[in-house]
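Think of it as A, B, C and D in the order they're written, each chain with its own count starting at 1.
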Amino acid sequence: MPLTPEQLAEIDALRATPRPTLRAVSEGMEAHLYKAAPVLDHGFVRVIDYMGNDAAIVQAARVSYGAGTKKVNDDSGLIRYLMRHWHSTPFEMCELKLHVKLPIFVARQWIRHRTANVNEYSARYSIMDREFYIPEPQHLAAQSTVNNQGRGAVLEGAEAARVLEILKSDAARTYDHYEEMLSQDGQQGLARELARMNLPANIYTQWYWKVDLHNLFHFLRLRADPHAQYEIRVYAEAIARMVADWVPVAFGAFEDYRMGGITLSGKAIAVLKRRLAGETVTQEDSGMSKGEWREFTEVWG
Amino acid sequence: MPLTPEQLAEIDALRATPRPTLRAVSEGMEAHLYKAAPVLDHGFVRVIDYMGNDAAIVQAARVSYGAGTKKVNDDSGLIRYLMRHWHSTPFEMCELKLHVKLPIFVARQWIRHRTANVNEYSARYSIMDREFYIPEPQHLAAQSTVNNQGRGAVLEGAEAARVLEILKSDAARTYDHYEEMLSQDGQQGLARELARMNLPANIYTQWYWKVDLHNLFHFLRLRADPHAQYEIRVYAEAIARMVADWVPVAFGAFEDYRMGGITLSGKAIAVLKRRLAGETVTQEDSGMSKGEWREFTEVWG
Amino acid sequence: MPLTPEQLAEIDALRATPRPTLRAVSEGMEAHLYKAAPVLDHGFVRVIDYMGNDAAIVQAARVSYGAGTKKVNDDSGLIRYLMRHWHSTPFEMCELKLHVKLPIFVARQWIRHRTANVNEYSARYSIMDREFYIPEPQHLAAQSTVNNQGRGAVLEGAEAARVLEILKSDAARTYDHYEEMLSQDGQQGLARELARMNLPANIYTQWYWKVDLHNLFHFLRLRADPHAQYEIRVYAEAIARMVADWVPVAFGAFEDYRMGGITLSGKAIAVLKRRLAGETVTQEDSGMSKGEWREFTEVWG
Amino acid sequence: MPLTPEQLAEIDALRATPRPTLRAVSEGMEAHLYKAAPVLDHGFVRVIDYMGNDAAIVQAARVSYGAGTKKVNDDSGLIRYLMRHWHSTPFEMCELKLHVKLPIFVARQWIRHRTANVNEYSARYSIMDREFYIPEPQHLAAQSTVNNQGRGAVLEGAEAARVLEILKSDAARTYDHYEEMLSQDGQQGLARELARMNLPANIYTQWYWKVDLHNLFHFLRLRADPHAQYEIRVYAEAIARMVADWVPVAFGAFEDYRMGGITLSGKAIAVLKRRLAGETVTQEDSGMSKGEWREFTEVWG
């Protein structure tokens, strides 16, 4: 993650001068502010700003005049209750602003989460940097043979080498051509908004992304999930580590009820109750399709 | 605005202990934090938290690594450019959290602004306070005779007295009955979620309301407007005064381009150009309807 | 539900003249169009328009050129898969527009669902009708003694009579006063936007409400739930019956996975697995709080 | 726009069988349904479904029981009034669903409009087609020398030829490599979700996009504007032609007040008033910056 010395100096400058505030503060998040947590080969996640902390969730839920109770126990119980019963509005009272550097094909998945604010680096206005995501060998996976949108075994030997060679050389060549088309040296130079169309989806872009905690939890549940594509999952995991330091109680409830939780259908509940009563249930008399049954038994045996 | 001594003490406690932060700070907004700005007879607006300042708008617009330029001039020019050209995303990078106490009929207008987060005091769960909005005499206006949704002259004499008497006595009686129905003294006591239905729309409720600056400007443009109902306008004006201290440059641009600005239709542009060329234009040859023409001449003579 | 003869005639007129369309049609929903399904004492739900059907969900999920497969089996399997795995966008491709008449205290809960379009009857512009929700005796419930936001036993005898008398007489008196303040007979007449503040929360309002199927399912899951207040639940149930006729396959999946389903926390999964293995687990060694354990055993014994 | 014979047959089949409906119908839009309006070299816009028409806007604004007035004049006046005064909710009561085929760099701009529903063809799940946007010679523009995000003169001669050659050969080569990496002929075959990263931003994707009329007008105002990039503007213009046939009255108001309209700042109003009074105003005493003055005089001379 090659931040330039100038960029590192700007970050250091921002971290050098604490200022007094009367707002709610999260010590855990202050420690992260502005620093770039590296992700993939050239990407990062940086916390630019945050609003609120665990106490702010409680304060909003109670529409209170002060800062909430002093008893941490009560706050924790309330936060877990709110999470368990799908209350969303108190969690929306916390907000996070990130600066993210990420490949375009990851950005295209990410942007599907619409309830967030985004300010992206403009390739109409500016020139893109020569930085491309090239997977590490252990992440160069074959198409899954059982799941149309999944990965199978890691590629090996000559095939892996061929793929890496293609990715690297196409990135280099398309970027050379991008520069060549833009060049105003002895020619007019193609408009930036047109030249960018030659760049592949593994080039890095950047954006500021701002989201409330409720919608962030939704993002993390979907994107830190094992079914998410590896290249977005590592971003979600990096963010999750920051959130754990920011709002530890809310994050604990999220881990228990959402990340570690599961949703059972009415049919699945019925099967489990029969099993608890000692009955042996087969797919045929479960009422579930084969696909549902397979997913069910992966969890419950 | 009768805050209890306990509530005032809680607010004082929150303002007594500044803590260090590395985040962007707005000195102007720190001065407002937690204090209750009174609105109407029992209402208020309090800033609970904020994210960002003028520099944060610039920083997001530039997707920058540091805190933006040092030259205030450049920042101001960019912010005005962004406002003039309807850029919304950089303004979305600032966020405000308010605690508001307001009559229910005002809350029902307010909630129509959907792009915001709300946590309202629950009358299913808790008992409402005995506080009702009773207009001051100078705001007791007659129905407009020209505008179906506007006000005319102020009521006078016996009629004004009758109206005030009705509002006060109905408020008192319905609240007495509310308490009587809830009472568990010698009876079961009606469920809170049912008893509340007897309370009129001028009773006060409270909520936490969180919104980004772009959507807040939209709210202010519609609700601080002379066409807005007086009782919501005073809330918008109280908020506007806080925003002016929070992000003075952005607020200045907002005042010039939105609050002080106007939108001309294609027809209105054509009429103005003919006038500038010395022509006298009448409604008949303006292409405008009578209503449009009246609104046009109110501004341009 | 007193629709006037004029209103009924307008509805009959709308139902009298089918017109040809090339759009996707749902026979089940055509049967509901425009008719008012009565809810509570004066309320109703009417379908004004709809977009899409079960096949449209499949068509969007496949980004297809035609109308989807001919095999209903495949479509059903895909819709159930999408529901099971929390895919939201294909369900967003169906849209419903309703005309609803409902008490204001119900409207205030309803509007909290922000991802919808609303056009409400304006009490600034128009005069409200003299129609109030008065609960039927069997819905006049006492405050729950175990749940702060729930209902207990039905009120009986003299207490029930007193409550009904209060609700009726306060509704009548406040409405009389509303009319008296508005009257321009021998006086100026108070502005409508002010007079409305005297009306209690059980007066009926009306709105057009438009929502996509994904967000409608979310609304139904929360509002057709036994924990929802009875007075909004009956609206949700009336809508659910229409949705069942509109998109029967999607509604079936929704019933199985959402309405009939349940979410287990990581701790709850662990307890169930221990039980399935024959172990007896107590609250103390479950890792759950008392509240969680009580909710858990209500389902699993 | 190479639709396959199978796709054209599917579209013909959908258009061949009108069915009766009781819903509001727009004859103008029925004529467009399912047909692919070609855009750029391989793209298109197809209307898949719509909800509402001009009368539905009026009906919602009046929260009416029937279909609105019979007098077209009244409806038109109301729609123009609603547009002039920035009422948004009645326009939200109409909805449009499109199937769009578009280059990825256009899709990335388009998706920034968040208040819409999207279902995109998945390159994790499926294999992309070999179709790339290659600009026509007259759209191969140089970088603007005055506007960082604009186009200047058209490229000519050898430079234009070089650019076209680059775009074509890089598209062909990266797609060849895409297929080569995916191939399972004698090798495992790279996962689709990884192989796609080699494809440039001018490859075509497809999506279903559904939006309400208010947000669609906002999209059209920004994207059918001369400042928008040509490659998205042609999509906006194709959609605008369909909307003009769908809701001709609302579209007429939109053209007059939005597309043909302009927003004046407070400073600009003051200058125009001075000019109307016969005064000559210069930039120096206008209170405007040079940039604002230049934009002002471009309109007003």
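Here is the rule we use: contacts are C-beta pairs under 8 Å (C-beta built on N, C-alpha and C of every residue); 3 or more make two chains touch, one makes a residue touch a chain.
No experiment lies behind these values; they were computed from the predicted model shown.
By residue number, over half of the contacts seen at A-C repeat in one listed pair from C-D, A-B or B-D, namely B-D.
Each of B-D and A-D has its own count of C-beta contacts, and the greater count is at A-D. Averaged Cα coordinates give subunit C a centre that lies 35 Å from the centre of subunit D.
Averaging C-alpha coordinates per chain places the centre of subunit A 29 Å away from that of subunit D. With centres defined as mean CA coordinates, subunit D is found 33 Å away from subunit B. Within subunit A, residues 89, 112, 118 each touch two or more of the remaining chains. Across the complex, subunit C is touched by residues 103-105, 108, 111-112, 114-115, 118, 122, 124-126, 133, 135, 140-144, 148-153, 155-156, 159, 162-163, 166-167, 170, 173-174, 177, 180-182, 184, 187-194, 196-202, 229 of subunit B. For subunit A in complex with subunit C, the residues that touch the partner chain are 77, 80-81, 84, 86, 89, 112, 222, 255-257, 259-269, 272-273, 275-276, 289, 291-292, 295, 299-301.
The residues of subunit B lying in touch with subunit A in their complex are 3, 6-7, 10-11, 13-15, 17-25, 30, 33-34, 48-52, 56, 59-61, 63-67, 89-90, 92-93, 95, 97, 99, 117-121, 206-208, 210, 212.
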